[in-house]
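After this come two complexes, each holding subunit A, first together with subunit B and then together with subunit C.
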Partner chain A sequence: MANIRFNNVQKSYGPFQAIRNFDLSVEDGDFCVFVGPSGCGKSTALKMLAGLEATSGGTIEIGGRDVTDLGPGKRDIAMVFQNYALYPHMTVRANIGFGLKMRNMDKAEINAKVEEAAAMLELTDYLDRRPRALSGGQRQRVALGRAIVREPSAFLMDEPLSNLDAKLRVQTRSEIVKLQKRLGVTTIYVTHDQVEALTMATKIVVMRGGVIQQIGTPEDLFETPANLFVAGFIGSPGMNFFRGPVEVENGRAVTRFGDQKVTLNVAPEKLSGTHAIFGIRPEHMVVGDTTMPGAPVALSLVESLGTEKILHFPTPKGQALEGDTGIEGSDDAERDAQTMLARVIDDRRYRDGETVHVALPEGKVHVFDPDSHVAL
Partner chain B sequence: MQKRSFLGSFGLYGTVIVVCGLLLFPIYWMVLTALSPRTQLRSYPPKFWPEDPQWNVFSDLLAAQPFGLWMWNTVLIAVATMILSLTIGVLAAYALSRHRLRGGQGLGLFILTSKMLPATLLVIPLFAIFKSLGLVGSLWSVVIAQSTLIVPFATWMLKGYFDTIPAELEQAALVDGCSPLAALVRVVLPVAAPGLAATSLYAFVISWSDFLYARTFLTTSESKWTLNVGIATLKGEFVTDWNTIMAASLMAALPIIGVYLFLERYLVGGLSAGAEK
Partner chain C sequence: MIDFSSPRHRSKFGYLLLAPAVLLMALIIIYPILLSVDISLQDVRIARVGADREAWTLKNYDWLFNSGEFWNAVWVTAKMVLTVGGISLVIGLATALLVNQRFRGRSLARLFVALPWAVPEVVATVIWAWMLDSSFGVINWLLLRAHLISEPIQFASNATAAFFAVCLVMIWKGYPLMSIMLLAGLQSIPEEQYQAARVDGANVWKRFIYVTLPNLAPVIGVTAVMTTLWVFRDFAIIYVLTQGGPIGGTTTLSILTFEQSFSFFKMGQGAAVGVVTMIICAVISRALVGRFASSAH
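Right, the complex of A and B next:
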């Protein structure tokens, strides 16, 4: 068990900088998730921590010890790979015990530890099988077993759930979290799935283009995203954005959403320009409450998940975000700037084409600088 | 599995029988020639079964020629060549497959081009080199010369095989505490067993069937002759005893079959299934 520190770590492949100024401190026992779209450098950061990739600058510490120049075997870490990387020519028992054998532990002790780990993961009946005779979920547990049996100072996990089907993924997700809580081992977990990040992490690192965008708890990221990218990436469906003018009324900043005036929770002196980018989460949109100031919109599509409904309607004319704003959602990558979403839990039936009243509650609207995209 | 129609089975087995027949006919002819009395060898129409098989041709051969010695020399050379070329080939192929070397691709192609040089072109410079090293007449000369032909191809065969093994497998081994060499030996090579078996077989067969190098480097020292060199001397200036030559060739082919049968179970792929998802 140990804390982990990245001090201004860099990684470049020739002229290409894969990781820039990576500074991060993970406390002992944290479950830290690196999340971001593919190619953002999250796996590279993990591999540098594992010692599988060399750093181009900066230092990495595990438990206060500088491990920057140590090989992977000397860092006292265990890793779970996306494709599990089980040794196909060994039995499950040998797979789990391999790391202990490499550390010259005696046979009886290895066997005892392997049995214990297998019992914890319900693999006891499969110990003498080979990986190819196991199902995907079982292989995944063997990979976990290989990691926990070593009792390392940190677990590194590289998208360990992405090869499982949806149902098993949700189940294994909570099992990993429970296991980590029980063992109390500092864990770094890489995923491109923001839902996994939000549900598992005690600390999330959002990355993009090799640069850390924001570090915080799931709540921090959801409630106060640092910039437009984090706002769009975290949450499902992602945040709605629109452009709007900035005006001051009675000492308070306001903008317009269609014909509606929206009061903002931001001090007017922070808003230097004449316009800004605004964001509101689909779950914060209030639909049908005519007592709140709002605008009528025509629904273009209704997606019903039973009681929960996702309502699509066009962004008010002239307020859509045009061009490349660098926003990419994780599950709605082809986000359509012309459409906004509202998520409602409601037994009322909505029909395509119907006109409903939507309101943007004060305090739920996020404001971003139109040029730097930083949250204000 | 879908049940094959009668016509489908007929076509399949018919093709298999014809192809096997074509491949096995020369071997059948060797057996026939070895066992036929000399007077029947050139008879027309040919006899497809010897009326009076001459089984003593084998014992006569063993009595008249140091066949065992030739066999032993050939085995030594083939095994040494196999070990030498595989050791070099494995390390070279692994490096080419795993490390992004500067100019690695060019290097790989260069290795392959060296395979394109015919042995006849290399034999004279090799002879000059071995002579200055005092290796002419030693089995090592043939081992080294054959390896120059086998290593390039073995490297490419193995590189192709290593490329199919996910790098995560060695990374897992490294994290588990292996040194890079231990990861290669304990994890990569066992998984690559089918590729290693195929490459070993290739090296063994090429070495076993070599005539040019053995003939050039070993002619003067009779105690170092290989099977092919020895059998070639059975061809006389005026009389050639085809029965003996065919009997010798048959016996020379047996070890190859043995090696194949031994390696066959490793040749079957599919061992790496289960490494991943």
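Right, the complex of A and C next:
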């Protein structure tokens, strides 16, 4: 068990900089998730920590020990791979015990530890099978078993759930979290799935283009995203964005949403420009409460998940966020700037084309600088 | 009219498409095999298809199992299979591991590794025959200059020297196939297995033993079978280099088959050697393929 520290780590492939100024401190027992779109450098960062990739600059410490120039076997870490990387010619028992065997541990002791790990993961009945005779979920547990049996100071996991089907993924997700809590081993977990990040992590590192965008708890990222990218990436469905003018009224900053005046929770002196980008999460939109100041919108589509409904309506004219803003939806393929979403939970029936009253509560509107995209 | 696209008749259409190939195979493979079995059971000197047949007899097989020539050929073949197979496996694996690494000029290195395989067997053997010549050959010259030997090695008249000369040329000609096959095998091993082994603390040697070799086992098996059968079958290298001599020192089963049939015109006996060789080959390949297939994942 140990803390992990990246000190200004760099990685470049020729002229291409894959990782820039990576500074991170993970405390002992943390469950830290690296999340970002593909190609953001999260896997590269993990491989540098594992010692499978060389750093181009900076240092890495595990438990206060500088491991930058140590081989993977000497870093006292265990890794779980996306495709499990089980040895196909070995039984489950041999697979789990391989790391101990490489460390010349006594055979009886290896066996005892393997049995113990297998019992923890409910693999006891499968110990003498080969990986090909196991289901995807069982293989995944063997890969986990191979990691925990070593009792390392840190677990590194590289998208370990992405080869499982949706139902198993949710189930295994909570199993991994429980296991990690029980063992208390510092864990670094890489995923492109922000839902996994939000549900599993005690600390999330959002990356993009080799640069850390924000580090924080799931709540931090959800409630106070540092910039437009993080705001759009975290949350499902993603945050709604619109452009709007910035005005000062009675000493308070306001903008407009359609014909509606929206009071902002930001000091007016912070808003230097004449306009800004605004964001509000679909679940923070208030629909149908006419006592709140709001605007009528016509619903273009209603998606019902039972009690929960996702209402689609057009972004007010001229306020859509056009052009390359660098925002990516995390799971919805294309973000449609012309459409906004509201997520409501009630038993009222909504119809396509219906006009409803939508309000943007004062404290829930995020403000971003129109040029730097930094949250204000 | 049968609708061949219907699920009921689809398989019939398949058989119909296969039929020409099967017939051709029967004609060029099955028929000659049956013919040689037939000849091996007749006491004939020069067999002629359509001529009056002799009565079936086991005389040829009786000669076979009681003659020193046959057992000598079996022994020579076995030695040659083990020597050539073993050494070309080692060289093939070493070169495959080498050209699997990333380095400057790798594609050129791969070309050179595969080169002997591309040279026609007879051409290669004639070149080697000159190089191995006891009076003019460059190999004897080199060994003499290096003071490793005091007089030229008589590759043509010394049975041991002749055997190793044949093995040398066969290895030179045979290792590229091993190398190419093993390289393909190496490239199909997932990189993650090596990464997992490294994280588990396995050093280079242990990664080779526990990851590379087990993953290569099926390919090694298939390649071993192919090389074994090739040594059994090969005629050109031995015949051009030594003609099976001296005194049977390099007479393998295929050389013996040829000698009996076309030098001594005892085609019945030649056919008997051929039939026995075929049975040995079938048994060996069955055993090897079966074994490695079960060890494969």
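One rule holds for everything that comes next: the second predicted complex is superposed on the first by the 376 of 376 C-alpha atoms of A that agree within 3 Å, B and C clash if a C-alpha of one lies under 4 Å from a C-alpha of the other, contacts with A are read in each partner's own complex, and residues count from 1 in each chain.
Here is the rule we go by: a contact is a pair of C-beta atoms (placed from the backbone, for glycine too) under 8 Å apart; a residue touches a chain by one contact, two chains touch by 3 or more.
None of these values were measured; they are calculated from a predicted model.
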{"item": "Partners on subunit A (subunit B, subunit C) - clash or fit", "value": "clash"}
{"item": "Partner chain(s) touched by A:His89 [first = subunit B, second = subunit C, both, neither]", "value": "both"}
{"item": "Touched partner set for A:Thr339, first subunit B, second subunit C, both or neither", "value": "neither"}
{"item": "Subunit B versus subunit C as contact partner of A:Gln17, first or second or both or neither", "value": "neither"}
{"item": "Contacts of A:Phe98 with subunit B and subunit C, given as first, second, both or neither", "value": "both"}
{"item": "Which superposed partner A:Arg132 touches (first subunit B, second subunit C, both, neither)", "value": "both"}
{"item": "Partner chain(s) touched by A:Thr199 [first = subunit B, second = subunit C, both, neither]", "value": "neither"}
{"item": "Touched partner set for A:Asn163, first subunit B, second subunit C, both or neither", "value": "first"}
{"item": "Touching both subunit C and subunit B, counted on subunit A across the two superposed complexes", "value": "50-52, 71-73, 77-79, 81-83, 85-89, 98-99, 102-103, 130-132, 146, 150"}
{"item": "Residue numbers on subunit A that touch subunit C, as the complex places them", "value": "50-52, 71-74, 77-79, 81-83, 85-90, 98-99, 102-103, 130-132, 146, 150, 156"}
{"item": "In the complex with subunit A, residue positions of subunit C that touch it", "value": "190, 192-193, 195-203, 206, 210-211, 214-215, 217, 295, 297"}
{"item": "Parts of subunit B lying in touch with subunit A, wherever the complex brings them together", "value": "166, 168-169, 171-179, 182, 187, 190-191, 193, 271-277"}
{"item": "Complex contact set, residues of subunit A against subunit B", "value": "50-52, 71-73, 77-79, 81-89, 98-99, 102-103, 130-134, 136, 139, 146, 150, 163"}
